[in-house]
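Multiple structures follow.
Shared between the two complexes below is chain A, which pairs with chain B and chain C, respectively.
This part shows the complex of A and B:
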């Protein structure tokens, strides 16, 4: 481990590797997760889920289930259609497709909830689910996304006459000219499978109605979306919906599930009791959400020296049954398609396609791991064609540090970063020259030893104005967050956020940030775990997504803390007869700048604010509480001109270089990762220990995607990986020891110079592993374009290459 | 993921378990470690009406040596086998195979008898039993009988045990001085069920392989099985790399191999060859396979 571990006793606290203060609670089993909450009279829900990928629901008979002892409520699609309105979309599109919490008329994927039961315990609810008789009329399943476009076996939604929910072309720069001038063109088709984070805690919801309305406890990550969805579906005012998130055992973007909330609300109302639902792992894999499988055709134009001139991309995203937020993957891919290169011209033709699979949605990096996979594979292919090394090709095309801030043709502005330095740091850490020697020796011994390199940008935060360009939506723009800072009368502080923490360590890092702003020790700052929409400050874009904490959320926290700081200094000045500008706060006391002795304790000022109301400066409101709603100043609106599709889609850019050293067993196709080196730059690190943990976790996610995980469907739309026996996560035994080195190029665009880090590891890892495996098999001349690289697939590729060798 | 309703009863003795099995017949299921049965019940793939718990039966677990045989009580946990010196000395092949079974937590609970009766075609234990010439002591209402491993595994999760019988013990001949053996398996991750596994036992006569040759293969579609053509190929010959190659090839061609989510048939056959080859290579390397009593 390369991380700094020494913590000093004094500030500044930002930058120090403070141990995660929430860990004592969470690792001792003392956390409170949704499933830990019990209430008197609480019932337990189970869902009957569709065994068919695509089927008309002819009839449902739930009489036997209703009659079972212990069952309090049963609801089916018929009830849902009668009692609710369709759930509102997160990303609107031209044609509104109704989305209910249970299948109405048609089931559209294996695992779609068809009926729901509330009973005295979960086992009884599951017994009842078995007693529900559903008459299905199976319909042809739409499984392959290209087939869904070209020769659809059926329509997922009859309301539109096609399975294509979105198709558009975005063009930036002189693309045709770039290809006309090209000395070399590289082209290929790349694909990535469906995979997902599978948080340790599955998604759960508890619902309870009382005279003040509906309260829901859940692991939900986006309170704004959830409130809006509930209010439209249940037709109750926002103000009567209270969302509470207790501890969340991992989110990764997956935990936004309005359908579960509506089902639980309906059951709780029907039973007139609190109702709890918690996914089991099978349901979690079948039906929470999947990151899309995607296929991209790439053409890359280069000049004779290996300078990239332009890209032509045709991309298909398999959205499954997603009518809530399709186009998410498409947008986040193409707007970042430069990766870290100066590519002046890009044309992107995108399709978002409906199929009979679980709906797609957000997962750690959304689309960007595949963006990076395609570009970094293409760079390797291009280097071979141009006849230079791929490292040299990268160096010739990197956006130079001197060009920062750099505006991409799409309108993204890269804030900072020295991509060359990041790559060189990774090479040096890996001892690259020595690796090459090892490889030479291994190859002489007949071993298949590979070195794979991938570089990547990790975009942060998300300007929601983007959807104006994607879908014509004009009612949502920018991005922001809310924070509440309250200094109590004794000078201790509590903070709460609009962002629902799901394991990122906010209780630790937010305390560090606030401690610096208010001149106190982080131990005096309590960050509320969880979220409560009746208490926490929040916006409709609040929550955990798009790596937005380090820039956007920190902005809200700092502004709220500075409001308090200003007020403290004004009150202190008033009490001491000085000017506020003469004073500062440190070590929990008020000081005159440059003085050797403190002027008065901070607690004295704080207590005055709360109880000595008549000794406050004139016009000063009592109390030391500030709620700040922050708009990220980097977000902007699209240009007024219709043809200008440039926008700052994402707001700051971390970067990294990964080097994977692998060996392939040619007999079994198994990949062994010998070493994994990471150099990364997320600007100023708020807490280096947490940063390194995030790098490890995200890279492991990528290793899973590269080698193991596959939410695979057969041709009838049956999902075959319904348990951890078949959906293979890399375990501690399969993951190498990461060698991580951090660079810190502060961002000029964020309040602390910090940038996002939670997604970074998952972005270049697919490409780094694949480049490495292909390099290992170089003596056989294998080309790898499809993920995941299962041993079977690698073995097939080896057989094919050997067959070709024999024939030649 | 909760089991369908069932009744639970703890058997006090083997006779009690047999009586309960006789009473409830096909509606009952014995539970020992529960490492396969409980997940199957939770998926509602197995729905016994009666669950007869044999964990509290005295004397059903334990390892004893008698007349050149190791007698292992069916309720003996994998972790006990792993820690047993008698197993280490007497049947080193079994010891070599044990760490490949799942993970430590599962080995603390799972039993040898449970795995044998469950007869998962991808499990390791049936493969070892075939290679080691194990015999199974079964008891039913009409008394005890012995069935050789060769006659026990009939098909996918199907064995020669009757619905009212209890597997009481496993008897394994102790390894002879002139014996060499090896185990190898390939799984997607450490601890997963094998995509292919192989256990080999070769007895030698001077420098030559005698006619006691056992090559057992697992990870197949139906059941663990012996590769008898490959065994015959080795009998009476000197173990050379070329012969190992040939035997591996023969074994992979003669057994039943299907395809599933993780392996096509062609790939699986190739893996079988690789694992048989590896197991034979381990056996050929005297230093790593010396398990005979010293």
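This part shows the complex of A and C:
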């Protein structure tokens, strides 16, 4: 199938590159982001944050701050312990760890909030923060995750007598047999640094109490979980918490912060005024959330022909002070460790380790960029060992299109995809043979010119039953979403969702989907921007995560729309004396199948539903409103026997092949990207223009992770990248012009055949860039296993290789 | 410290004369957003790197987070609200929509303000020129490619509209 690039003026609307509805307000600067909301009497909050990585809090004296003119409320850990319960973890562990919104007994990372102030303006609140005297007793900081396991200098949480919050081994297939039969074994240690998407809008919250309870405005991308955490912490009924998400200036998994919400709620209650808090960029880099740094030891067994027989993996995730949802990286990495290969036997030993760093959490693709980095680096190493090209090794191991749907040893079911076709499309687009000639010429001229290839799956949606396997808890399972579709009396439609957009363009793509279902123009469909827990349909798993929109959310939208459609046809049949099965809806009218003229306008039926109540079919409820809560039918419960831990962790699988063409400057170690080719397949594309935009953005995120971004801590746990001067994001000059080609293999598992997009580019890009840089340095024989590939690191590797050359 | 002496400052914003009473430490960005309610100017880093807060000061792009409001005395300031709106969009605003030059929209006002000044001086830019022009504006969503396309498309629209 080919992807559409022009818009027609009739349906079907799904598949058309419709320009976005939300752009009119956003390009005019007329969006409403959290910081744009003002209300009468609103105060502004500032936090005092810990300068220590690990310190006992001996005493806090906030008297001077409280006395400062303009200050309305000050809270410290003592107040928090008295007024709240610990914030519930998203994934409750059996062990109890007190997770309060402010440091209570000790501070556990640089940047942890220790006190909070509400004042007439932010500057006054910051003045007050400077007046708070905290007596700290510094403790040894736990920084290195291996050290945290083996010889911990101290305990991050004394309660659990260890810094290992989770350790388990999962084994599938005959692993020992695979290694016994192996002709070749490849082994190495790989690592990835902490990095993060840094949405350009930092995280903010506004809180206000009134007789109906607490209302919060916050760009929270997973409102379902946030409200649950609040009710636990504040001990008020769930029904008295209302959460409103306005426009969100980028999410990428990072935009969720129950701790900020609890702090703001406490300040607003103490001051009896609305209170706003917004992170500054330093606070955002120090304390919102980090993607964890991870280390993995891999052993890959292959037969003499280069067929992969099995994997042994030992993995450590540095969770920082994360007790909200540890194991997230471990699980999402491990269960997808096949990438797109048929690997019959896998053993994974995982550690999730607490350290004195910012808590780790969700970030675009969670764990899978590193999964792909490890596997695609290992594939390159294996190809050398086997003595065949790495393209050939990939071809021999890809899950063939004919094997779909394919069940992995871990229990994931790959729905669709032709990985060979994706790779070949990328190679053809890149003119691969020509690239090889260019490389030959460049090398002859003494230039370091590299071609790097990586292929990847992009898993979609997340079956929350997975946590049963990780934590043993059995109170969360499956995955779903809510949608509300209401056709008004004039035939126009309003839709609201449990999910919130943070740039994905739901106001446009949801209108396209609903327009097709209800036979109207997308301009007649208004999708409510943002989220309001008092209005929108939502579940605890509602929100934007795990690429779940294209399958799970679309299911909810389509089911709600089809309920309305059925009702419209029944009412139309009743009004015209026809049978509902004879009728259809298109162009905003009711038609008899095959007729040349419409039977009656859609608006006539809609108006009847709202005002001509006695002419409705007997037993038919008035109105045209449907609220649907959808459970993704691909999610299942885990097999909980000791020997069988298979589960469908993720539910459908997009895929891609990336080719990065780079050149290394041997004098500086800097990497220049000459070309970047992407072939990708996310099934049926709902809006190809938006899909391609997400591919560009996600790949750029991966380029940042591969080359620039590093949330680096020193040996004392001090954060060294607290500004955009130190934490380097790719600019327009660092990113190449992407050459993107789309394949469309529809998923048999989702209502529209669509699969996830948005995380995809971030997954293979680390590996593609690294494979390319290593290839560029091939004349020097450099091996790259650690990210990011900063000029320093590459320069060092070059010097080391040259030194060895000289010695030899 | 909170009782800093207020200062009067007078400038024009989007063609309208304004006199504000501000604290000496109030940034121009905060004055525009909080005092004048012009919330289209976004704050992304407050240390002059991300470009989200870009406004025109006497026609030149500046970081409103790095200027104190009092420094703008007598200046003519243009914010995104003065560039165009949904009813009468600037060619850049049209082009960003046509070419999908934005996702979340948070960097967009700064991008458009920066590019509006750039296109005046470079009416027929190459994509390399555009990349250079926006290299001081960070976008976390788009990977910049469609922003570059939007700028080139806007240049076409502006050229086409000339008599």
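By our rule, the second predicted complex is superposed on the first by the 802 of 808 C-alpha atoms of A that agree within 3 Å, B and C clash if a C-alpha of one lies under 4 Å from a C-alpha of the other, contacts with A are read in each partner's own complex, and residues count from 1 in each chain.
Rule of thumb we're sticking to: contacts are C-beta pairs under 8 Å (C-beta built on N, C-alpha and C of every residue); 3 or more make two chains touch, one makes a residue touch a chain.
Only a predicted model underlies this, so the values are computations on that prediction, with no experimental measurement involved.
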Determine, for the superposed arrangement built on chain A, whether chain B and chain C clash or fit. fit
Figure out whether A:20 sits in contact with chain B (first) or chain C (second), or with both, or with neither. second
Could you look at A:252 and tell me whether it touches chain B, chain C, both or neither (first, second, both, neither)? second
Identify the partner contact of A:700: answer first if only chain B is touched, second if only chain C is, both if each is, neither if none is. second
Superposition-derived angle with apex at the Cα centre of chain A and sides reaching chain B and chain C, degrees in steps of 10: 40
Considering only the touch criterion stated at the top, classify A:549 as touching first (chain B), second (chain C), both, or neither. neither
Thinking of the overlay built on chain A, is A:398 touched by chain B (first), by chain C (second), by both, or by neither? neither
By the touch definition at the top of the document, which applies to A:731: first (chain B), second (chain C), both, or neither? both
Mind working out whether A:449 is in touch with chain B, chain C, both or neither, as first, second, both or neither? neither
By the touch definition at the top of the document, which applies to A:795: first (chain B), second (chain C), both, or neither? first
Answer with first, second, both or neither: which of chain B and chain C does A:136 touch in the superposed model? neither
Of chain B and chain C, which one contacts the greater number of residues in chain A? C
Report the closest approach of chain B and chain C over their C-alpha atoms in the superposed model, as a whole number of Å. 5
Both chain B and chain C contact which residues of chain A? 123, 127, 280-281, 723, 725, 731, 733
How about chain A: which of its residues touch chain B in the complex? 122-123, 126-127, 130, 280-282, 667-670, 708, 712, 720-721, 723, 725-726, 728, 730-731, 733-734, 790-792, 795-796, 799
The answer for chain A against chain C in the complex is residues 19-20, 22-33, 35-36, 38, 68-70, 119-120, 123-124, 127, 197-202, 247-252, 280-281, 502-505, 689-690, 692-694, 696-701, 723-725, 729, 731-733, 735, 737-738
Residues of chain B that touch chain A when the two form their complex: 1-5, 43-44, 186, 188-193, 261-264, 266-267, 270-271, 274
If you look only at chain C, which of its residues touch chain A in the complex? 1-3, 23, 25-26, 33-34, 37-47, 49-50, 52, 79-81, 84-86, 89, 92-93, 96-98, 100, 102-109, 112, 127, 130-132, 134-148
